[in-house]
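You will see chain A twice below: alongside chain B first, and alongside chain C after that.
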Partner chain A sequence: METAQNFMELSKQVVGFIYPNEIDIQWSILIVVYPYITGLVAGAFILASLVKVFNVKELQPTYRLAMLTALAFMLIAPLPLQLHLGRPERSYEMFMTPNLTSAMAMFGFVYLWYLMLVLLLEIYFEYRRDMIVWSSESTGLKKWVLKILSLFSTDISEKAVAFDKKTVKIITIIGIPSAFLLHGYVGFIFGSIKANPWWSSVMMPVVFLFSAIVSGIAMVMLLYMIIKPLLGGKIDMKCLDKVASFLFYAVIVDFSIEVLDFIHRLYESEESIKILSQLVTTKLFISLVVLQILMGMLLPLAVMAVIKVFKLQEEVRKLLYFVCGLLIQLGIFSTRWNVVIGGQLFSKSFRGLTTYKMELMGMEGFLVALALLILPFVILSILIKLLPPWKKEELAGS
Partner chain B sequence: MERRDFLKHLCWVITSGGILGGLSADAWAKMLNKDYDTTKHYYGMGIDIDKCIGCGRCMQACKTENDVPAVPFYFRTWVERYVIRTDRTVSVNTINMESDELGDVLAEKDVLRSFFVPKLCNQCDHPPCVQVCPVGATFKTDDGVILVDSKRCIGCRYCIQACPYGARYLHPKTRVADKCTFCYHRLVRGLLPVCVEVCPKQARIFGDMKSIASPLGRFTRMNKIHVLKPSLNTDPKVYYANLDGEVN
Partner chain C sequence: MKDFFKKLPEQAVRVVVVFLVLAVVVFVIRQFIIPPEMKEPALQRASSEEREAAKEIHYAGAQSCVQCHDKEPEIKKSGYHRDLACESCHGAAQKHVDNPTDVKPTSPKKRDYCAYCHKYNFSRPTGFPQINPDMHNPRKPCISCHNPHNPKPPTTPRSCNACHAQIERAKAASYHALITCTVCHTAPEKHKISPRTVIPTKPDKREFCGKCHDKASPRKGVPTVDMATHGEKYVCWQCHYPHTLGGI
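Then we have the complex of A and B:
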């Protein structure tokens, strides 16, 4: 009955007419977190692939960190989905009897493919030699954990290491389309819903993909700037400038695609345009216009342009990059919010708007979402302990 | 493992998946009695807008018959009231069963036209909900009704998002998707859906599209017919007569 009272309160905030069943917003903050997290996975992986496939040497210091970041977020990615289900105990049905026409049914398979075949394998081959060496140098539990992680292999001959390297490269080549698949697919889940004009767009997977790349690069940049000094290393400015440069171009592409989508909608001006305009100018004004576009995109873009044009000092650059990274995270999270929540705030009768009131406690509340966003960082810190992204000489040398 | 063994196992896994996939259909088959032949029927509903007086008895009967939560946020069927003013502005509201309030009450000279529109699941022939359900819990029966296997549904709510008509909701008790079934449990016993049964004006006409002589057959012969949101290509099987262009 508590929900009924909530709905009663909410119904007072409805503007215009909504279908009576629409007062209940079905996809909550957890479904905002889900594409945000998978986006980070795909983006971090794309950054890593720049090193291995496209041989961008300057980015080498971020490679391992990017892979571990992708893994840490990937491990948490299914959790928001699982927790959001009405009947979480039945989620295995998705593997047992997948409906082949459902985009969502493919989640498990895309996820497993990406986690098992791409991330875990690549990290394994990347670290295999080091794990063997480190396990021989350490004692106790760590020795055994590393031994198990290296699957008890012992061969560190040149030939074996050369094989590792080659394999990593091949996996990365498979990994790039897989990363595109992973996040493009998340975009397709929304983009293929013809009932919802805010979602239904062939651009959706592309928008998702580029925003993923933006958020992933920005996240690895932030983590690099925090973690390397924490471990006693120095930030490699050449590397940082290069990461920021890629970030800059990724934001430009992302922004262009979103503007294209926007202009296209406005120009075609279909049946839904009135209600969507009302949505954007009222309920989504702060999260879309202010947070996503102005603060999350145009401001960092301007700052990065300034850095590119004027030769600023190292310390100033670092500070500005850091601020940009944070703003971009805020912007991309808002992007996810605006897609997921925004798409449910207008009635499919196109005659009214409703409101989403986030719970604080509750399974689908703010605290759970926050925990899900913190958890990947905890996992990452454990991963970094076990599999340091930089060797001692790298930390001392740079 | 030898390759041959592996292939054997693979075949086993695939066939068992198929058998499990058929379970939804099994659950449905259990609802049917022996004399009922699903292939002999194909159901649809006609709604005559001009006959509906907005009494809301259909809404009430449906809630009672189908265990729909009483609070006004869950409906398998509902009635919308449209008022189009002389300045062409439109206001819409859902009939409230708990109060006599109608919504905006206007002077006659300010009203251009006004009418009621009963809504329910359109039992689409190309149902988007069935397409998107990840586990196949939502399915179409041979006789054309879209059902939800409440024992299979995982409550992901993708179907609710995919329905263009707002006809689905997540049942707060069972935590699975719920919607109009044309009162399927009544159909298989030869009874009418309860909303059709209680309508005092016969605004709802139920019938079998396979029979020309059925009331629905006659209804679709005698009226100009329109369906909701035809551009979405869902092919609804709820047919409206005298539907206004403002309705969506």
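Then we have the complex of A and C:
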């Protein structure tokens, strides 16, 4: 009854002609949250790789935080999908009976590879020496948790630590293409839907990847600015400027690629162009033009350009970086929204548009989505308690 | 192999062991917990066929009915319900086939059952026989006039009110009560069989009403108008509804 009522309500908001099965959209806010979270994982990891592979020394203070952020978001990444599909307890069967021809099933393996062989291994080798030291210093539950996490390893000889460092570097080198694969996959799954002109584009994996890098770097920057002072440390301005400068370049690349995609679509001017331009100028105007492009991209770009040109004071810079970070998060979330929801708002007949009405409660509702967005931060806070990203002397020294 | 493990630092050995344990767990689950039909498509198909075959059979199929019943299928063969399976109305009959004397299939006798298909619904195809159950001989069971095995009425409806009861009742209380329907409408014989494809006529000329209602008409006690000036280009029934009391 409620479904019928909802359907009747939606059908009144349909513009033009639309097939009956297109009125109520199937991929909801949870499917918006999913690429947003995976994007943060890939982006945070790319930032971490700048330290280990490309030897950007200034970024060292963010390395461990970036890794923990990637892990915290990675652990939650499949949850929106599982809640959307229902029966999450059956998801392990995906690995037991692999379907090699299904792109969606392959995500399971990309995810597993990235979680087990990249993130967990890298964090293990990065923290192993410290975990042994900390477990010997602490007592009770924490001691045992750290012992288990270090796999009861005891060797902290120079030779062993050198081996750890070398391994971390090798894993990061493997991790970069893996991170590209992880989020490129998410773009691939949309880009390969031939029947949908809003999604079907070879640019999709690349657009997703760069927006992921942007959101990940911005997220680590925000977290660095919040968490370090909370733990009693001082923000390293050299590091922050460097992160912001990488963020600036990433936004420029991301913006150029999106503009390229846009011009390409306009020039191709396929039969879908009319309905897509109607979509962009009506239903997606706020989320695409205002939130994604103006507030999420051009405004932060302008602000960061101002910071680069004029030598502003530290405090002003911090404030502006923080605002930019927030705006970029908003912009990238809107990007995900515009791709996932936008792609379902127009009819395959190219003659009409529908509306998405978000539920508040319920499995596919706003509250669940909000909980899924908060959960990674809870996990991150536990991870930071257990595996501090900065040593005491680092906090005191900086 | 032993030498290789000895050369590896102890932490790497631990990691390798963890991965080996995980690999063994996956192997054990796949080998012993996941049922074989989930791993092999051919087996999956066979097992789903088996599962379907094991389900209890409810419907016997029309072939089973004709083995014992001669009369009804013979009538049904040439009627409009020829493409309808017996069990569509009589319900699942496998139990009756297994035990013909004790288990009898149902036969719907109430009006609402026929209405599933024959109640007026604008989405049904043109020409499909449809009625409004509230108007069409209310309270009378359908099967008193229609034999469900050959549902065409045994006699063509004698008067129009069989289907147009509402108009008939309204007309009975109007000034036109004594005028029969056929005075104004010509209904082709086929209209009674295909009411929606063959439609009766309506008066299409002003002069038709003028035969009684023109000033020059010889008829007495009937309201008359000057047809030359009244109503101009309109046909009379576009303003005056002829079936109701005042006719206006």
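Everything that follows uses one rule, which is that the second predicted complex is superposed on the first by the 386 of 398 C-alpha atoms of A that agree within 3 Å, B and C clash if a C-alpha of one lies under 4 Å from a C-alpha of the other, contacts with A are read in each partner's own complex, and residues count from 1 in each chain.
Everything below uses one rule, namely that a contact is a pair of C-beta atoms (placed from the backbone, for glycine too) under 8 Å apart; a residue touches a chain by one contact, two chains touch by 3 or more.
These numbers were taken from a predicted model, which means no experiment stands behind them.
Of the two partner chains, neither chain B nor chain C is touched by A:311.
When the two structures are aligned on the shared chain, A:93 is found in touch with chain B and with chain C. By the touch criterion stated above, A:103 is placed in contact with chain B alone, chain C being left untouched.
By the touch criterion defined above, A:348 lies against chain B but remains apart from chain C after alignment on the C-alpha atoms of chain A.
Contacts of A:17 after superposition: chain B is touched, whereas chain C is not reached.
Touch criterion met: A:85 reaches chain B, while chain C stays clear of it. Of the two partner chains, chain B is the only one that A:195 touches; chain C does not reach it. Judged by the document's definition of touching, chain A residues 93, 96-97 lie at the interface with chain B and also at the interface with chain C. Of all the residues in chain C, the ones that touch chain A in their complex are 9-12, 14-15, 18-19, 22, 26, 29-30, 34, 38-39. Taken together, the chain A residues at the contact with chain C in this complex read 92-93, 95-97, 116, 121, 124-125, 128, 151-155, 159-160, 163-164, 167. For chain B in complex with chain A, the touching residues are 17, 20-21, 23, 69, 71-75, 78, 80, 90-94, 119, 128, 130-137, 152-158, 160-170, 172, 174-177, 232, 248. If you check the complex, the residues on chain A that touch chain B are 3-4, 7, 11, 16-24, 26-27, 81, 84-88, 90-91, 93-94, 96-99, 101-105, 107, 189, 192-196, 343-344, 347-351.
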